[in-house]
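Shared chain: subunit A. Partners: subunit B in the first complex, subunit C in the second.
Now for the complex of A and B:
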């Protein structure tokens, strides 16, 4: 039982981190209807910002944490401006967006490899102690992961549900054309979703680096968070969060059974979801526009 | 630079061209984006190696079997995923491509055939595969497939694929069985990838699942886009430029892939139809001037068609 609970906590930890990443995919999909594969690169850059501000600049943890979010948010916005904006102006089909996103992701990953290097780096140990609740040991870093994810996601949900900007975002996710006709600034909405997704991606990158390791090919992990977004239903924020936590828990249980199978399980689940219910757990069913 | 080195690059270009041609049918002509093509190459490579090393089949027979197995898998995948809309198809191929690699990464099998034991040992891969891929052989295979692709694309089926790419709904309303067109594209591209996988394995002499990461799939897709979607000349051009040129400019090293990424973004913004812009070499003015000068132009308006799209 204790073992079960321990694994459950580990799973929720991992799921929380996936959630921070996957909401970025979902936010973009909900408005622009394409899978932003450059998001992985943004997360990776966030992790590197965290690493260098901690080691080279010697920033305190919270400062570098905020810098991570800031750096990634900026990068996401810059990518939107330089890469997607020209395509958006031309009303290019979503295929072109995906290709460009892939190009941006390849660019970011290899730019880091070429400019820094490809060796994995360890974060300095920040929190080594762990607390024990009823026989379940919980590292402070894991606790941080859960707390940060929950707080960040609550703030995001608040912005989306209660503020005027959130209302604009929700309106655009129903129909961008109609909302812009109603006087909503579409560019500003897209700017906001990229900024929010980017900031969360930066946090996720930092948490990932703290827990595991920083390397240019973090993309594999971000692919899994993308799977989580699909599992929950692309374009749905609650779906992305629920999907991420479920995926994290299931992945940890599969890994505790046989750690070689965890990746295979994740991609197998992806195929299964697409075959059985492509709109995921909570996604809206999109009719193909003619 | 020795001939041995150049020959290596040429062989690599040949089998990459085969993969890119197949992908060109799927992405360039039918408009379906695949993130998992390396998976088909992986299947083809393993099947071909098992055929030659364990069952002692001739190289060409092994290639054909490899292609057919990959094709069967492509058909199965198509049956399941081709009805998915938009992004979901390319997400599915991403899942399948990674899953295939991960299965081979974890597969532990051994069996005895022809009195020899054959071991498939997960991530360790297979070593000392006989080197049977020669330059002349690959060139012949590739030329056969270039011709086949050109014929296919000029046939009724090829035209249907183009129609599906341009507007699936309109194609359907014009009486085209869009599912069958997409299925054909899927099967053909898997077949090409499988055969190319066999050639790859018998060129390198060893196999490891990590040779077929998702990055490879995107690299192939980039070659298709770079050369120009919907053009065989474009596929050849894209492959040769992106495959052979960086090999010759090894000094660029790590920055090669950075430029890849940048090039893709710029092409999407400036010239989304790629270098050839959906045209074949036979459409170009200079080609016409050289080879069809004797004939009278059938239509005056045709002359300007090669300039730009």
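Now for the complex of A and C:
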């Protein structure tokens, strides 16, 4: 029983990490209808910002946590301006966006290798202590991931449901064309979306780096959080969280049964969801999911 | 019409970008001019990717040694030209790079790459161009022999996985006197599999029990499921024949899960990077080719550190040093930079390197009579503590 509960907690912790990453995917998807694969690169840069502000500048944790968000938010906005904006201006099909996003992601990875190096780096220990409840151990860093993703979700929901910018975002998610005709500044909406997604990516990068390790290939981990976002329903924020936690738990149980089946299961699930229920658990119904 | 032109342009640019990506990452080597006034030595290894720290140390060591040798007048009255290429830790890339070194740069011998998978992959290129490779830390059996057949142009200066597995098994059973061990390894990695199989064989022959064997695939970062399972099985030590970044992540997660057991890693774990996570790694063990705290190598470490702005030397620096010594001895013995004469001379020379006396066996192309050393990680002082030497045979 204790073994079962421990694995369950492991799964929720893993899911918490996916959640923090997948919210960024869903956010962009809900407005622009494409999967922003550059998100992984932005997370990776966030982790490096965290590492260097902590070690080289000696910032306290919360300062460097905020700097991560700021750095990644800026980067996401810059990517939008340089890469997506020109495509948007000439109404390119979403396939072009996806390819550009992949390009941006590979660019970021290689840029970091060239500018810094490929050596993995380890965060200084900040919260090494773990919480032990009845023999079940839970890392403080894992707990923070879950808390940050839930808080981030609540803040995002508040912005989207209660503020004027949020109203504009919702309007755009129904029809960008019609909203623009009604006088909504589409550029501003997209700027906000990328800024929010980028800030979350920065937080995710910092927390990921603390729990695991910092290296240029971190971005690839987001592949699974993308699967989680599809599973929960791309474009739905609560769906991203629910999908992530469920995926994390299922993945851990599969791995504890036989660790070789882990990726087989995750990507099998992706195919299954796309074939059987492309809208995922809580997503809006759309034809093209890419 | 204009739109399709634009599309064409975009496509062309995309292709160019891809080509650019493929070309990037390589450094040095200003083309094979082929002039006979220098002796060309090739090196390949990971300058980027997961094993970048090892490859970087190896190439920097060779650059330093070549500089020193050239300042003393070079070899056979000629200057040495070192050409280094990045394999990105990828076997396919290693093949491309080996071809480039052999066909384009026309080197007389190759040192590296720093992983077994890549060394095994380049065999066909070496055979085709009849140019020898001296690998530094490639410990897989198949690097020099495959199915009982000797590979003519593959050599190495380090011990082998079976020997490393032997060392691990003997260390846990005979030195630590533990009876129960768990294994956590990368199921896709030749190196990990070689060590795992031999550890289990020796450990069980000596009467120990392997209570859990858990695998993962390269790229996995979450080991909590496997570690929880291992915790349930109740071992006294966890043998993890993997590379250092995974070793660090495993320790962090194990400590979070309340597992306070020591780990034992192979030579792939031995890195200075470990001390960045010193608290978690305290008390774990690492098998190594040489003791990294051996005072007799202090002067050598200081030379390296001075040349490379205070960089710390990895194990690869010691092994690359020995490979270079062997190469120098072989070139002098051969009396020319003829690749085949050098390959022949490798088995005829003997040198005293950083990792002891080295003589390459003509039957196996492996060094004869090597032993391994086990070191404990002292997290508080951020250093290795020498435990014991264990004979590999």
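Assume the second predicted complex is superposed on the first by the 286 of 290 C-alpha atoms of A that agree within 3 Å, B and C clash if a C-alpha of one lies under 4 Å from a C-alpha of the other, contacts with A are read in each partner's own complex, and residues count from 1 in each chain.
Operating definition for what follows: a contact is a pair of C-beta atoms (placed from the backbone, for glycine too) under 8 Å apart; a residue touches a chain by one contact, two chains touch by 3 or more.
In this text the structure is predicted, and so the values were computed from the model without any measurement.
Undergrad: So in the superposed three-chain picture, is A:278 touching just subunit B, just subunit C, both, or none of them (first/second/both/neither)?
TA: After superposing on A, A:278 lies in contact with subunit B but is clear of subunit C.
Undergrad: Under the stated touch criterion, which partner chain does A:110 make contact with: subunit B (first), subunit C (second), both, or neither?
TA: In the superposed model, A:110 contacts both subunit B and subunit C.
Undergrad: Taking the superposition on A as described, I'd like to know which of subunit B and subunit C A:6 touches: first, second, both or neither.
TA: A:6: touches subunit C, not subunit B.
Undergrad: In the overlaid three-chain picture, which partner chain does A:260 touch, first (subunit B) or second (subunit C), both, or neither?
TA: In the superposition, A:260 contacts both subunit B and subunit C.
Undergrad: In the superposed arrangement, does A:102 touch subunit B (first), subunit C (second), both or neither?
TA: It touches subunit B, and subunit C stays clear.
Undergrad: Taking the superposition on A as described, I'd like to know which of subunit B and subunit C A:211 touches: first, second, both or neither.
TA: Only subunit C is touched by A:211; subunit B is not.
Undergrad: Of the partners subunit B and subunit C, which touch A:180 in the superposed model: first, second, both, neither?
TA: In the superposition, A:180 contacts neither subunit B nor subunit C.
Undergrad: Would you please give the residues of subunit A that touch subunit B in one complex and also touch subunit C in the other complex?
TA: 99, 103, 106, 110, 113-114, 260, 263
Undergrad: Residue numbers of subunit A touching subunit B in their complex, please.
TA: Residues 29, 33-35, 82-83, 86-87, 92, 94-96, 98-100, 102-111, 113-114, 223, 226-227, 230, 234, 260-261, 263-264, 267-268, 270-271, 274-275, 278, 286, 288, 290 of subunit A touch subunit B in their complex.
Undergrad: Where on subunit B is subunit A touching in the complex?
TA: Residues 31, 33, 80-81, 84-88, 90-92, 94-96, 98-99, 102-103, 105-106, 168-169, 214-215, 218, 221-222, 225, 253-258, 260-265, 268-269, 272.
Undergrad: Give every residue of subunit C touching subunit A within the complex, in rising order.
TA: Against subunit A, the touching part of subunit C is residues 14, 17, 21, 24-25, 46-50, 52-53, 56, 187, 214-217, 219-222, 224-226, 228-229, 232, 244-245, 248-249, 252-253, 255-258, 273, 276-277, 279-280.
Undergrad: Inside the complex, what are the residues of subunit A that reach subunit C?
TA: 3, 6-7, 10, 13-14, 99, 103, 106, 110, 113-114, 117-122, 124-125, 128, 130, 132, 137-139, 141-142, 211-213, 215-217, 220-221, 251-253, 255-256, 259-260, 262-263
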